[in-house]
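The same chain A turns up in both complexes below, where it pairs with chain B and then with chain C.
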Partner chain A sequence: MSQFEIECRGVSKAFDDVLLLHSIQLQISKGETFVLIGPSGQGKSVFLKILCGLMPPSQGEVLHQGDNLYQISDSKRNLKMQDIGMLFQKNALFDSLTCAENIAFPLREITDQSEAEIQDKIGHFLEAVELPHARDLYPHEISGGMQKRLGIARALALNPKLIFYDDPTAGLDPITSRTIIDLILQLREQNDSTVIAITNDMGRAYQMADRIGMIVDRELIITGSVADTKSHADPRVSQFINGDLSGPLTEAQ
Partner chain B sequence: MLVSLNNIIADIGGGVIFFKQIVWQGLTKPCRLQEITDQTWKVTIQSMSTTAMAGFFVGGISTIQFTMQVKQFGALGYLGGLATSGTIREVGPLLIAFMLSGKVGAYTSAELGTMKVTEQIDAIRCLGANPMQELILPRFLGIISSSFFLLVAGLLMSVLGGLLMGIFFAGINVHEYLRHIPTIVAGGSVLSGLFKCFVFAVVLATICTYKGYSASGGAKGVGKAVVNTAVATMVGIVVADWLTSVIGDSVTMVYLGM
Partner chain C sequence: MVNECNWGLCHHGLFGDVVEVVVSKPNPFWRLVFEPVLEFLSLVAKTLVGIVQPPYRVKDLVKQLDFVIWQSAPVVIFSVSFAAIVTIIEASFHMKLVIKNDALVPGFAALLILRELGAVVSALLITSRVGAGLAAEVGTMKVTEQIDALRMLGIQPIKYLVVPRFLACVIGGFVLSIIANLVCLYAAMLVSQVQLGYSPGSFIVAMRSFVSFQDLIFAAIKGACFGAVIPLFSCFYGFRCESGADGVGSATTKSVVSTSVAIIVLDFILGYIFSYMY
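The block that comes next holds the complex of A and B.
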């Protein structure tokens, strides 16, 4: 039994022989919040999918509570997946279902709760993400920020212990971003969950993170706590967090 | 040339493996009955009017064709039986399959393909549910069961269409047209038609769910999946028709001791 909630051992990923991630090592403890940053197109979303069991790595192992996620049986993995919540970069809401039905989907499919309990839960989650008025609307009828919040509510419906957020504040105004991060933090306190989040909004990253890691040039640089990250020696890290135009990230390679 | 041949073989292999997975899913962890009936109802309603109309005209066409043939032999009395038998054994199931392929096949692969490229299928997996069980199996079984209802409706309409043509085109009366249907259309014809319909539906349901489920690459990928579904189902159904005819004939030969 491993003491880590998630462990990554030498994870590499290639698409059509193009190497995207190379031999990544990572350990995440229970209750930790780990934030991934990095320039776009470097493989943050791919890494998150590898971590949560959606995409097998080309090489290496991903362990959840000590079990190799891609080698256990399908039924065992499904059980583990029920303990995972994921907010997708583009939300991936069920577009043929209303907001309420989106939240109800996991409850109906996975649990044996009665209809009354499910209605109760729907009300509770819609309340938590401030969407009670959107109950019977379809995802395409609500705004981007509301879709994100609905995505969060759906991801949390099964009370998962392990939550992945892929860019929860992308394309949102600063105030909505802040509300969403506050919501994420508040839900983390309530459920005592482990959180792995991608964001390129450094303010929000600092607000959430216990530890930060940056994906760049096929590797994961674990930059450490917020203070450590701010004073990190790697020029790529300082260029990225300061948003400098000149530096190793923008130089032609 | 070699590359495309390779792709075709890989595609067929992928489809067969997918079919095996669906069957395995059905045997180990089936979906709820209500999901199947929902899908069946949806597909049947969607295609009922077109199938019925097409059945009506196909019945009429085959009667017209047979009229010219049987007239030469002065056997107009057998017109109803021959035309109906041909429709039930062969034309009916083939027609239903083509109808379903155009409507339901395209719809299903577009729907599943969109869910795939917008990561809704990943989302289902991430919630710990099984997309094979929740999405694929109900659609697969829904297409197969609805094809029986549509077959029955289409065939009834084709008998009606044939009957009307018998009256107006061949100039025989209702009684005469219907008289030889029971003697020529034996149980074997009906069984053969049902069997073909079943095989076509399985081919169609496998291809459209497989193509949709394996779509990738945005809207363009969905478009490609739909086009591929249309082409593959048409070819698949015709090949399956040929196969079932060959097998059906051999079985009949053995059965009759020839």
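The block that comes next holds the complex of A and C.
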């Protein structure tokens, strides 16, 4: 058993011969919260999809507790995927199912739980994300923030030990953003899970990160803890976190 | 560098190694031609494996059967009736014109209906109704990352989405082809009585000299084969859908065109094979 929850060895990704990520190395320990930041279009979401098993890298390896996610058999991989939760950037809620059915879906599909147990869990998760009133509503009938919370509830329904959040506060107002991050942290404490999240909101990144990494110019710069990130020597990092208009990031464009 | 397979399934599929080799070829022609073909074959293989692999999604199958058979039946019955009416009237008109006698019309019409018209027209109608909807549904799920969400839950999208629809379309194609052929024959008989003056008895006698029960069975088999093609092409283009409304529209168009062409080609192949069995 590997000491790392996730390990990336020389991961590169190219689309139609355009290199997006080059030889990225990363180790994430169990129970850690790792936050990915970086300018738009640099490959954060792609990297997250590579890490969670949705998109194979062009080169390199992604190890989940020592197993290469892209080399193992389909059945073993499907089992591993059940231990991973993911909140997608656009939530990816099943639009033909109600809020309650969205949470019940993984429970009904994956587990052998009785209907009574499933109903209990639906109630529990809807309470946890403060959506009990939206139980019978469809995703298009609730607000963006509520969809986000529902997405979190569905991602956590199987009690995954590893959870990916792709921009959990995108498009939300500051108060709802803070509430969502509080919820993520609270659920992480409850489940003792490992969290990998993308955000461009530095306030929220500082709120939840044990460690921060920035994807820029095809590479991953591990900036370290919140304090280390704030005082990082790389001018690209300081420009990004301070939101400066002039600097290497904007000059390169 | 190896580029990504479109729906990320080839790397774990039955053709994974072949795809790896093909997509690593520098010539874009290889990628443009062979990658889609291998992805399609991978989809077919995984669907066939998914049919026999538990869990069996009986509820989904029943829901899809309702959608494919019950909800398509009115459109199919209405349309094939008119196709049959046109066929028999046109056949009578031209026979009278050329050989001055339309006594062979019931037999020829029945032959044309059972060997071609019933199965092909009903399959094309199912394509436009079920296939287009399926491509748009799967395409939208792809664009909104719902397919990725299924994969993240450890659920195989092909097993979940394609297999029940495939089975429903095969069964639906079989059943609707029989219904369409019987309705066609009935419509033809009705018109030949009202318009051409043949009694139902004489129509059936004339028809029996040209066709047999075997023709109806072959038509049903054709319907099942056409039914199999519809979800495969629709889901294939749905899985390859690119983002945006344009992407979904394009996937739907491609799926309908490809399925229609495939049905016509398959009709020729099956017709040729069946011709050795009479």
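The criterion applied here is as follows: the second predicted complex is superposed on the first by the 251 of 253 C-alpha atoms of A that agree within 3 Å, B and C clash if a C-alpha of one lies under 4 Å from a C-alpha of the other, contacts with A are read in each partner's own complex, and residues count from 1 in each chain.
Simple rule for what comes next: a contact is a pair of C-beta atoms (placed from the backbone, for glycine too) under 8 Å apart; a residue touches a chain by one contact, two chains touch by 3 or more.
Because the structure is predicted, anything quoted here is derived from the model rather than measured.
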Fit-or-clash call for chain B and chain C when the two complexes are aligned on chain A: clash
Touched chain A residues, chain B compared with chain C: C
First (chain B), second (chain C), both or neither touched by A:Y70: second
First, second, both or neither for A:D192, with chain B first and chain C second: neither
First, second, both or neither for A:F15, with chain B first and chain C second: second
Chain B versus chain C as contact partner of A:S58, first or second or both or neither: second
Chain B versus chain C as contact partner of A:E251, first or second or both or neither: neither
Which of chain B and chain C A:I110 touches, first, second, both or neither: both
Overlapping contact positions on chain A, where the chain C interface meets the chain B interface: 49, 52-54, 74, 78-82, 84-86, 88, 90, 92-95, 105-106, 109-110, 154, 158
Chain B-facing residues of chain A, complex: 49, 52-54, 74, 78-86, 88, 90, 92-95, 105-106, 109-110, 154-155, 157-158
Residues on chain A engaged by chain C in the complex (per definition of touch): 12-17, 19, 49, 52-56, 58-59, 70, 74, 77-82, 84-86, 88-90, 92-95, 105-106, 109-110, 154, 158
Residue ranges of chain C touching chain A (in the complex, touch as defined): 1-5, 8, 11-12, 144-146, 148-149, 151-156
Complex interface listing, chain B residues touching chain A: 118-120, 122-123, 125-130, 134
